[in-house]
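Same chain, two partners: chain A is paired with chain B first, then with chain C.
Now for the complex of A and B:
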């Protein structure tokens, strides 16, 4: 796993791979926590139905500066993971690749189309814009 | 289940998750003001609407299936022994089903339980 962050002989696709995995783990951790916090809508683990008091108590924890900062970070990683994930699926099915051809000097993979690499930047810029937008909504 | 089948499932759940999470995020601040989206009455009405409640349950199952299968993939690439792979497969399956069960309990209680 340490190899994910090894900066030697890497390219942007390699970093996109590393961040896909890191953001995936972060999103899974948030989803599990979110399932826990939304359960307070029904009174938590021992509740029996929708409870105004329990939901208000839950919101008092999540509706804070720290809670909103976490939400902005979640938007950042979710949007990156989603857009880059679509790129990976399109790559897997060859949609954004050309047919491979004979490797000639300087041996750059001719099957990699520019659109494939552009989509990585769409994921990065899209995630930053979504985080800024959500930051404006939650922190503004 | 074969790894190739699980990878196909990973792609299918990914596409569904992009759509469902996209809608979920839009409903939390873009299409519905954030303050209203987290209000008790609004959340209650979402859970008690047949379509919205069903979409939340599908979102829960799809995202957990995708997330825990992704975690499983990372773990079995990290160490590659038959016993580790078997242990990870079972542990991740149990964790995914337990989390799905807990989330589903919230959806059912929110949709049908007595409001207090």
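Now for the complex of A and C:
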């Protein structure tokens, strides 16, 4: 495990990898909490059935400054995980790399540059913009 | 430079004697162009003969001197002290390998995994051609270009020692073996595709790679194993899909008009 969190002096892809794993766990935790939350109030274990009031009660869980901050974090994490996930899928199809060729010194790995690397920044900037937008809506 | 010293902080560990590793510092007089390996050889010959360190070629060719220098996997013979940040230099054995002693790690499993990747041409049609060649296999320059970088591997182990998957999954073949598997899958002369795919498209195989890319960042030979692994994933998907591009049969033998391969009539 320690290997995951020791990206000293290496490449940005390693950070992207670590964040992808952490955000993956965060998204999973959110989805579980979200489904639990909504099913509790819609239908509900007390058998009151779906109603406007129970739905509103469900929404009220996040109706606070802390709740809104959590939701903004969720947007940040989901958008990063999504865009970076697309980058990883594209890399598995080999479409975001330069073609292999005879390497020349000083070697610069083809997999660690060009479109592939730009896409990491797209994921980071995209996630920040989405979080700012949602923050504006929720907190503004 | 004259009179200057560099301090090496070397992690020492003898599994047969020590309970846990310890760090020992050695001051070495600096010389121009000095590599970390030069400094280690100085320590071994003048300060502590007991230091275990493995090396051979001293020119980044044999792959013996892989170790962790200032937190990053590098070849000691290729790392100039002047290229490192000022201050003491931390020297440790590579991660993800059992330690034999001090800076020497056990590469046996690593080599076994290389062997398991079947690092030789597999021919179904003319197996006897491998033992007693009558000519050369035909290959276009572009075809050679598509895999030649993966043939530059010197089996130093730096990539596998830096791989986060290798550090959590003991059965993962590692970037070295997987990129070698791709090297032969991409080789137009090879006919072992099915057997190779079975080995890499497995539970602890190629899909355990999530592209942290550190293998390629530390590789000293420009092999770029991460690229090989991603292309390997593409190859597996293509071969397994009814719509994918299929590999053509192995390249034919081109008889040598000059008699045998040494040009003897």
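Just so it is clear, the second predicted complex is superposed on the first by the 131 of 140 C-alpha atoms of A that agree within 3 Å, B and C clash if a C-alpha of one lies under 4 Å from a C-alpha of the other, contacts with A are read in each partner's own complex, and residues count from 1 in each chain.
Quick note on the criterion: contacts are C-beta pairs under 8 Å (C-beta built on N, C-alpha and C of every residue); 3 or more make two chains touch, one makes a residue touch a chain.
Treat the numbers as computed from the prediction; the structure is a model and nothing was measured.
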First, second, both or neither for A:92, with chain B first and chain C second: both
Partner chain(s) touched by A:107 [first = chain B, second = chain C, both, neither]: second
Touching partner for A:17 - first (chain B), second (chain C), both, neither: second
First (chain B), second (chain C), both or neither touched by A:28: first
Doubly contacted chain A residues - partners chain C and chain B: 1, 21, 92
Complex interface listing, chain B residues touching chain A: 11, 14-15, 17-18, 21-22, 25, 29, 34, 38, 40, 43-44, 47, 60, 63-64, 67-68, 70-71, 74, 78, 99, 102-103, 105-106, 109-110, 112-116
Residues of chain A that touch chain B when the two form their complex: 1, 21, 24-25, 27-28, 31-32, 35-36, 38-39, 41-43, 45, 47-53, 55-56, 59, 63, 75, 78, 82, 85-86, 89, 92, 134, 137-138
Chain A residues touching chain C - in the complex, by the definition given at the top: 1-4, 7-11, 13-14, 17-18, 20-21, 88, 91-94, 97, 99-105, 107-112
Interfacial residue positions of chain C with respect to chain A in the complex: 70-72, 95-96, 145-150, 152, 162-164, 166-168, 210-214, 216-224, 226-228, 230-231, 233-234, 237
